[in-house]
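One chain, chain A, links the two complexes that follow: it is found with chain B in the first and with chain C in the second.
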Partner chain A sequence: MTINIFRNKRLQNKLEPYTWLSPSLILFILFLLYPIVFSVILSFFDWNGYTKNIFTDFVGWKNYLHLINDPLLWKSFRNTIFLVITVVFIQNAIALFLSLVIYFGKFKFGNLIRALIFFPGVISAIVIGLVFRKFLAIDGAINQFLEIVGLSGIEQAWLSNQSINIWIVSFVLVWQWTGYNLVIFYAGLQSVDQNLLEAAFIDGASLTRSIFNIVIPLMKPIIFLSGMLNFIGGFRIYDMIWVMTRGGPNHSSEVLTTYMYYQSFQSKGPSDMGYASTIAILLALIVIIFAIIRVRVVSRQEN
Partner chain B sequence: MKKLLVGLLIIVFAAGMIFTGASCKAESSSETTAEETTEAGGEEITIEIWDWQAGPAFDGAFEKIKPAYEALHPNITIDRTGYNLSEWDELIKTGLQSSELPDLFGLYQGPQLWDVADTGILYEWDDAINADPEWKANLGKTYGIGGTLDRNGNTVAVSYDIFYIGCWGYTNVLEEMGKTEEDVRALKTMDELADFAEGLKAEGFDEWYVSTGFLGQYMLRELFWTFIYQQTTPDDYAIKAEFMQDGVKWTDEEFLNACKAIQAMARMTREDVLSLDYQTDHYSIMLNQEAWGSLYDGPWATAVLIDNPDAINNVFGFFHPPVIEGAASNVWAADAGQILAMEKDNPNKDAVIEFMKWMHSEEASSYMIEQLIHPAGKFPDNWKSLVDYEIYFKLVEMFESSDISPWICYTAEIEAALIDNLTQVFTGDATPEEAMAAVQQVTDDYWAAQ
Partner chain C sequence: MFKLTLGQKIFTRTVIIIALAIILIPLIWVLSISFKKPDEVFQSVLFFFPKTFTFENYPAALDFAKKALDITYQKMYLNSAIVTAGGLFLAILAASFAAFAMVHYKFKAKEGYYTFILLSYMLPVQVLLIPLYLVLLRLQLLNTYFALIFPYAVMGIPIATLILRNFFAQVPREIEEAALMDGANSFQIYRAIYLPIARPAMATVIIFLFLEMWNEFLFAFIFIRDDSLQTLPLAMSRIGFGGRFPIPWGSYAASIMIAVIPIFIIFMIFQRWFVRGVIAGSIKG
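The block that comes next holds the complex of A and B.
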């Protein structure tokens, strides 16, 4: 016996995929699409987050114009770009170097080394941020070490130094996520055709020459993918900044995500949910642009 | 078979959605029924309280407040949660939007109170207070204090406690550095205080700085207000600047002088205070006497000192040298400390009102006094026997004998701009003139847009 849920078999065949998709679709709509649409609409309104009547004070393009004229936004944007670029280049460079060393070095405990380098990536950013904050405190381990080695002249409250605190946060992020990139690169190295390398060695090419002329060109798609993932992820960093500096002092380490929080929810902040939504839209647009670039480049490579 | 499975899947999924929706409705219905039963039958009521006074003082006070009140009212359970101020905005906003606010919830004086009051959800306490002469008398001059009022002057929140700026020093730490309490009291201006601290720094003492309180950026504003009040009458001068009244501008000399006092503060501050978890660090600094004093602390913060006998027994209050020579030295910013509001349609309203009335009684006040809190209610006659710390007596006398004015702004954008610009003055990234001009610009733009 068969059961036809729908009298029209054609209709049933058409709807069947959506039936299977419906749980994910519902979650997507509820937790992604709806908030995005809500934020887009909210960006055209003024709302302090307290009133239940949210869409009453229509302000048109005011929030978007404010983006252009807001010096703190541009400060946050510059910090975000700085963070992203340093993380992308330095993190990937170190990860690539380490993956090459481990792959070609053929160490006895290569797997263990990889695991140890990867380990920070599985620790919560909150924990890492708190630990480093303690290290970097004026009476923390870093300053104590400097005193021991005779460098007490450069002791300072590291995260209070507005010139370098964003560098320090970048360093911590690189330390945390290098292992993640290393795993990607190592997998890429394993997919490199060994025959090409052997042929190069037979022809007298040195290891260094082989790496630069064969391995890295073959790994370009993976390097690009890793870079783009870091690039997109860099724009979303919030937890590490919040734990280590809260975007301060004086907004010196503010990034777009923390600035968005400052505008919307921070105690003693402007309580401007509409403007915070505008910042969120800006952030989303930046990420979408880079995501599209990534998809196009990848599909071109595949073709 | 495949079609059967598809059909079953659809049925199960749909049933799950229906069941979930029905159970939610059933839960809310049963809750409403339970509340009605509770009210009608006088059965168990839980008064849920959220405040932003997590810490030893209020936690300690409530360890006595809760059992005392519950003994008087066996059908009532007090359920208080103390949060941190840093998460408060987020908590209130999400609570409001999800209609999950407790019976009593803290609000921060100024923009938050006014913005929430504007939603129309808050209960106005004036009728209840005025209808009860004893309650009103217990509140005394704390009734009608600025931070509890909405923009129309209605009391939309009631205070647990009173908070005001005080500063103090440790005689034992000063003596180790070859200085005395008299040396500090002889200082005539904030600049002299800063010179004093820098002199200790030059001599190589680790305790040279005057920790400037739990220096969240917004605390700069509260000290700033004190510096204004030392110079100006009438004492709503800062409000006039905020609301562009009577030609008062942020660029006036009084504000610039106050900014210069902020600059002086920076010369007395340990460099890391601004960027880190300042509240915890500051209490640690105070408790361990890592500084020779404290430039900012209200009465309840002294409760931290109890854990260190050297701290609590050697502390003296010197309550600011004036911002400039000749300015008044006996005025400072003060207002309601933690204030609590209630929704006007709270089904437990009567029980909550009775609880807050009791919170202003001598009994509840005594539990707070034991924790070195300055209660908003009546001091019992024997209050001096409840604590044995000279610093607390001095703080209370100071409040009782002086003029007070609130430290608050009332508009979020202007407040945020003021705080940001005062921070820039403090960190040396802006001159007083630049900072105040920036605040004036924000003020002009804000009112132009209204």
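The block that comes next holds the complex of A and C.
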């Protein structure tokens, strides 16, 4: 690796670390930094994706102002926030609860139980989406079940119901990813100091009290990390929406990522690359701001 | 130590039975449909087990892929394997070099690079979609395996660097200094001292990245137009909407199983590594 073309030994030493970094740097510059800069610039232009010259139609802040008065953007934003809140709070709460139950329940097949709950997280969201599309279809399992229990009155094509389809998608997301958080929490529980629990037991504290007074406070950093992870993941959700509803019907289940796709690549969409870039930048800004908070908190914990 | 009271025992058992039921019912339901004859599919949902087992849905699913999606399952698996292996190889090579630089050397940009890595790990990849498309177009890489390999590598490098850096930090200074005294160059130190210490980390990194790359959909969806290059998630997504023919339930369910069962087997065998990979990826990031 060391290239001995340098006369000056000190210059060579100075450059050496960058030689090692260079494969990463080249990839980052070509496929990450340049694209980001490009997006920022494109967000100040109108471009339909077809004309050869991209940067001819400078429009200033127009795309950004469009963000504010675009009702579909707000719809997507609300749906995104809804999904993020669901995965951050509800999914984490369920995962924490289940991890406590499995850990303190002393199950004979604890490993197998964890593995089965975790398994959906290993499968692609596309395939999970396919499973639930059929499950929720007009002639699917849910409706068949409702008919058996005599509730055929509420049978419907669940994913076409504009007022609840985002709830259904969020249920499926929680279904798929709870095991992921569960595994993280379980690892946290395994590192809880057994002596503390032993002491609480000898003092006559009940299991429930010990969980609330000892275990959960000790788990706080992991709960925070897991929440942050879901927060960042929540803004990325795309595949599941795409395969289950395509953001529809009538944009009712659109999120920022699918709406950006709709504005740019979707056939029969507006093909407004400038505006789509603006949406991408909005998305990036939201996540980066919280990412910086996370970096701060993590480095404070490390100190 | 704590012993469960009878009430707690009943409570915990009930909770887990309900949780397992919620997780498993949709999967078992699809599995059972994949073995049902068409006329039996719409009979009551409660009959999970088909009255007459049939395997005919599986060959039908293979045929459907060939006819409606213009690709065989072998080819889908091969495509997914190529882009995943390529992305993994590049990501781990580049990340292990970078992690080595961050541990072995002192240099000015180190802190800055670390922050940059942390931030890029959290960036939603969708943000890059439009410009990445144009970059790949310019480089004439669209519609090739490299249209996915390069972006996947970039997706994987940040977290791989973070995990490997943590492991590399365990290399004892004395060993490194002794090697330098003996005249070893930095590449020899990387290969003979650093890489062996990170071997367990490599396995977790590989599994964590494997899951991300194997299941990736959006980039494949936009950057691949050639039917013969479809990855597994890409082709599967078309079974729901885009295939040229409507698909019967039996083949639909069998298609899902063909995509899931190999992963299920791998998962069950390497279960512990999957769990470790996820923990490393989430906590150490």
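The rule is short, and it goes like this: the second predicted complex is superposed on the first by the 299 of 303 C-alpha atoms of A that agree within 3 Å, B and C clash if a C-alpha of one lies under 4 Å from a C-alpha of the other, contacts with A are read in each partner's own complex, and residues count from 1 in each chain.
The definition used in the following text is that a contact is a pair of C-beta atoms (placed from the backbone, for glycine too) under 8 Å apart; a residue touches a chain by one contact, two chains touch by 3 or more.
Keep in mind that this is a model prediction, so the values were computed, not measured.
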item	value
Partner chain in contact with A:I138 - chain B first, chain C second, else both or neither	first
Partner chain(s) touched by A:V183 [first = chain B, second = chain C, both, neither]	second
Partner chain(s) touched by A:E16 [first = chain B, second = chain C, both, neither]	both
Chain B versus chain C as contact partner of A:F265, first or second or both or neither	both
Superposition-derived comparison: chain B or chain C, residues of chain A touched	C
Touching partner for A:G248 - first (chain B), second (chain C), both, neither	first
Contacts of A:I123 with chain B and chain C, given as first, second, both or neither	second
Contacts of A:L225 with chain B and chain C, given as first, second, both or neither	second
Contact residues common to both interfaces of chain A (with chain B and with chain C)	2, 16, 22-23, 133, 246, 265
Complex contact set, residues of chain A against chain C	1-2, 14, 16-18, 20-24, 27-28, 30-32, 34-36, 38-39, 42, 54, 97-98, 101-102, 104-107, 111, 113-127, 129-135, 139, 141, 144-145, 148, 175, 179-180, 183-184, 187, 197-198, 201, 207, 210, 222, 225-226, 229, 232, 235-236, 238-239, 242-243, 246, 257, 260-261, 264-265, 273, 276-277, 280-281, 283-284, 287-288, 290-292, 294-295
Contact footprint of chain A on chain B as seen in their complex	3-4, 6-7, 9-10, 13, 85-90, 92-93, 96-97, 108, 111-112, 115-116, 118-119, 216-218, 270-277, 412-413, 415-416, 419-420, 423-424, 427, 429
Contact footprint of chain A on chain C as seen in their complex	1-2, 4, 8-9, 12-13, 15-16, 19-20, 22-24, 26-27, 29-30, 33, 42, 44-46, 90, 93-95, 97-98, 100-101, 104-105, 107, 110, 113, 115, 118-120, 122-135, 150-151, 153-154, 157, 161, 185-187, 190, 211, 214-215, 217-218, 222, 232-233, 236-237, 239-241, 249, 252-253, 255-256, 259-260, 263-264, 267-268, 271, 274-275, 278-279, 282-283, 285
Complex contact set, residues of chain A against chain B	2-5, 12, 16, 19, 22-23, 48-52, 72, 133, 137-138, 156-157, 159-160, 162, 165, 245-246, 248-251, 265-272
